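Supplied in structure tokens, the structure appears directly below.
Think of it as A, B and C in the order they're written, each chain with its own count starting at 1.
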Amino acid sequence: MNKMILYKEWLKTRWLLLGILLAMAALTFYCFLNLAKVVEFRGAGLLWEALVTKETVLTEILRYVPAIAGALLALGQFIPEIQQKRLKLTLHLPYPQGRMLLAMALYGLTALTLLYALQACASAWVLSAWVPGELVARVLKTMAVWYLAGWAGYLFTSALCLEPTWRFRVLILLVAAGLLRLLYLSGIPEAYNGFFPWLLLYVAASAGLLFAGVARFKEGLQD
Amino acid sequence: MQVEPVISCEHLTHYYGKRKIYEDLNFTVEPGRIVGLLGKNGTGKTTTINILMGYLKPQSGRCTLFGEDVQHISPETRRRIALLLEGHVQYSYMSIGQIEKFYSAFYPKWNRDAYYGLMEKLKVAPGQKIARMSNGQRSQVALGLILAQNADLLVLDDFSLGLDPGYRRLFCEYLRDYAKAEGKTVFLTSHIIQDLEKLVDEVIVMDYGSILVQEEAQTLMARYPGLTLEDIFIELTGKY
Amino acid sequence: MKRYGQIFLGLSLVALLLWVLPWLYNLITLKPYSTPFTLYSCTVHDFTSLDRSEGRGFQFVDTKGNVYGDEAQPTFYASVLASRGTLPDTLEGRKVTLEEIEQNAVIASSDPKDLNRTLPPVYLLLESVPERLELKDPEDALVSRKGSIDIVEMASNTLREEKTRLFNAALQAEGFVYPARYFAGKPSHRKAYDEGYLVTDAENKVFQVKQINDTVHVRHFPHADGLGVHFMLITEFDNHATLGYLVSADNHLHMLRPDGEVVRTEVVFDPHKEDLLLVGDLFYYTVKTSTEKGERFWALRSSDFSLVDTLERPYPHEWSFPGLSFTSSNDGWVKPRI
């Protein structure tokens, strides 16, 4: 049964995931192609100088990609569930409803994590040819917040989809806007190092909004 | 020995805002019966289905399915209930094969032959998405899934919505034959009352706020000789 | 779960309001203000501030309210006065020339935001004695690690093994204890000359590392031992008056001379919380430190850094709406603060 839950999510999202994967790959490739050109014509020292003396991690073009990917995946997973109130079918399946929703959310989060991990590994692999581990780590620690924004984008978009009442959708949207603003507040590398664990906890806690929305759906609350 | 009703609703009251849907509604559905819930638009038919399936919390009152409170139906009990949503809503991004593969994993008593028996009648490519099928074809897929689940209770909300007479007839015939042969309990609503005449054992006629009559269909029709069930319904509820 | 969702959203919205509303209020109501440019004058022998009020033109006012023209700051406006032919040829009882004045003009600054952030342990290494006199782009970089400071060739991202071995041997010979704590330097070729980096080790001892002819030399400053130096600025001024500025554990500013002498000054300055601006000339250094509450000035004699005068100028108090914020002008971190 667990496999079939994942199978259903896979059927909904496989082409979307492929699209996201290709888009992420293309943008990442484009980003590092530009850097490779800089290295070829001006030397890797320029990358070192930028990473050490300027407020950049060289991959800023990828900043919003994880958040957009997260939101898109959530839409791809949950819009089919709310269209024609298809969620009723899902909730009627002879499977604990909480676990069902958890499995669906974990599918999305896992898929995103794999995509982000792929991008991070590719970035680290390419960068490590040019700069030392300390600078690669700096780039990855900075990008970690963008991935957190991706998970947040996924969870809040999912919550928005599953929420049956406009009042709560507005509240969720406001909080989501605030959180995303916070996650993109500073472009200074490693600015979020100390705060990151708390932000991660908060984003994880926001998963509860999905269950709250479904609970309201089950009470028949709607507009 | 008294057999527990499959469906039982007691003192059911619900409002949408200030609008009363019904107050102190009481009814039961005994095992093995095919019961049709009739009423004009807005009398609470879909509301009742939603309450029974746990998608709506009534203002007050209690309903049970197989003795379990509908607000907390266990997965084991849900396995005994086949549900058809209004409009034959399905996972329309799946194909016939994919949806069968999906559902069969949840129902140990899954009857593959019952499903594919109906699917053979559909003239569709095996990989065709349900979304690309006609209303009638989709209703057959829905019917096939319902039958294959081998459930003890079938709940169908307006099963005839969007179907032409041919498909409606097919649906009714299949459903009755299956229910009677397997001793299933069926609880359904439909806005096309003439379909129910040959299908249901018992009718519950709802009016705004209450149940007008709950009676054997044959007994009701005998009380109004010469009238069809539809005529009797209009007689009971008024023309408009 | 409904209740959980309500509590989660409720608390989040409260935090959001505490963040946004005060920010909005302060944005609308708080007025920016500026404080006048203030230097210690070698002619007036007092702090003089540039008065930009209407109708006054270009005037300086001392702490007693006396008004002067730009003769109050002859060293700061030396080239302007010289172009007018009004530059005095004697100041502080000695003959001066424009060239000497210009060569002894120094300026240094620090901002807590530059310190209070996570910095990578990588430092670009210039060649201090370039072939053609002009400083070039660095080819190597220092990478500070737990048990060594490695020298990496940037173009190939490979360790300069022999160079690193010799460098670390030199560090250890001077008593360096790993890991390095703080590096101060200006890795840019847009300067007259390069003095490499001032580095503190794990015991806050002060060293200079400098690349000369592709070899990194190490120099230890024993007079700085025991001060608990936690902040440094490398100076690289035309006059070579100092090698750098050091801040000790008790937040006193010390001057590190090229000969290794460390001179303690009366300037008290916490680099993690205060801005620093030092403007110096042939005769005096004016050191300004500032926080959101106000400014403090010290006038030091350039020859021996002894204290001449002080001035405090609190800012006008303006009430700002307290609330939650996540950034600060004093650091580069995102974290909640009230």
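We take it that a residue touches a chain if its C-beta (ideal position, glycine included) is under 8 Å from a C-beta of that chain, and two chains touch if they have at least 3 such contacts.
Nothing here was measured: the structure is a model prediction, and the numbers come from that model.
J.: In terms of touching chains, how many steps apart are chain A and chain C, taking the shortest path?
T.: 1
J.: Which chain has its Cα centroid closest to the overall Cα centroid?
T.: A
J.: Give the chain pair that accounts for the most C-beta pairs in contact.
T.: Most contacting pair of chains: A-C.
J.: Distance from the CA centroid of chain A to that of chain B, rounded to the nearest Å?
T.: Centre-to-centre distance between chain A and chain B: 41 Å.
J.: Take the average of all CA coordinates in chain B, do the same for chain C, and state the distance between these two points in whole angstrom.
T.: 79
J.: Chain C: which residues touch two or more other chains?
T.: Residues: none.
J.: Can you tell me which residues of chain A touch two or more of the remaining chains?
T.: 219
J.: Which bits of chain B are touching chain A when the two form their complex?
T.: 50, 53-57, 75-76, 78-79, 81, 83, 85, 87, 89-91, 93-94, 98, 101-102, 105-107
J.: Chain B touches which residues of chain A in the complex?
T.: Going through chain A, the ones touching chain B are 1, 3-4, 7-8, 11-12, 80, 84-86, 88-89, 91-96, 217-220.
J.: Per the contact definition, I'd like the list of chain A residues that touch chain C in the complex.
T.: 43-45, 48-49, 51-53, 128-132, 134-135, 138, 168, 171-172, 174-175, 178-179, 182, 185-186, 188-195, 205-206, 208-209, 211-216, 219
J.: Which of the residues in chain C end up touching chain A in this complex?
T.: Result: residues 1-2, 4-6, 8-9, 12-13, 15-16, 19-20, 117-118, 120-124, 137-139, 141, 143, 152, 154-157, 187-188, 326-327, 332-336 of chain C touch chain A.
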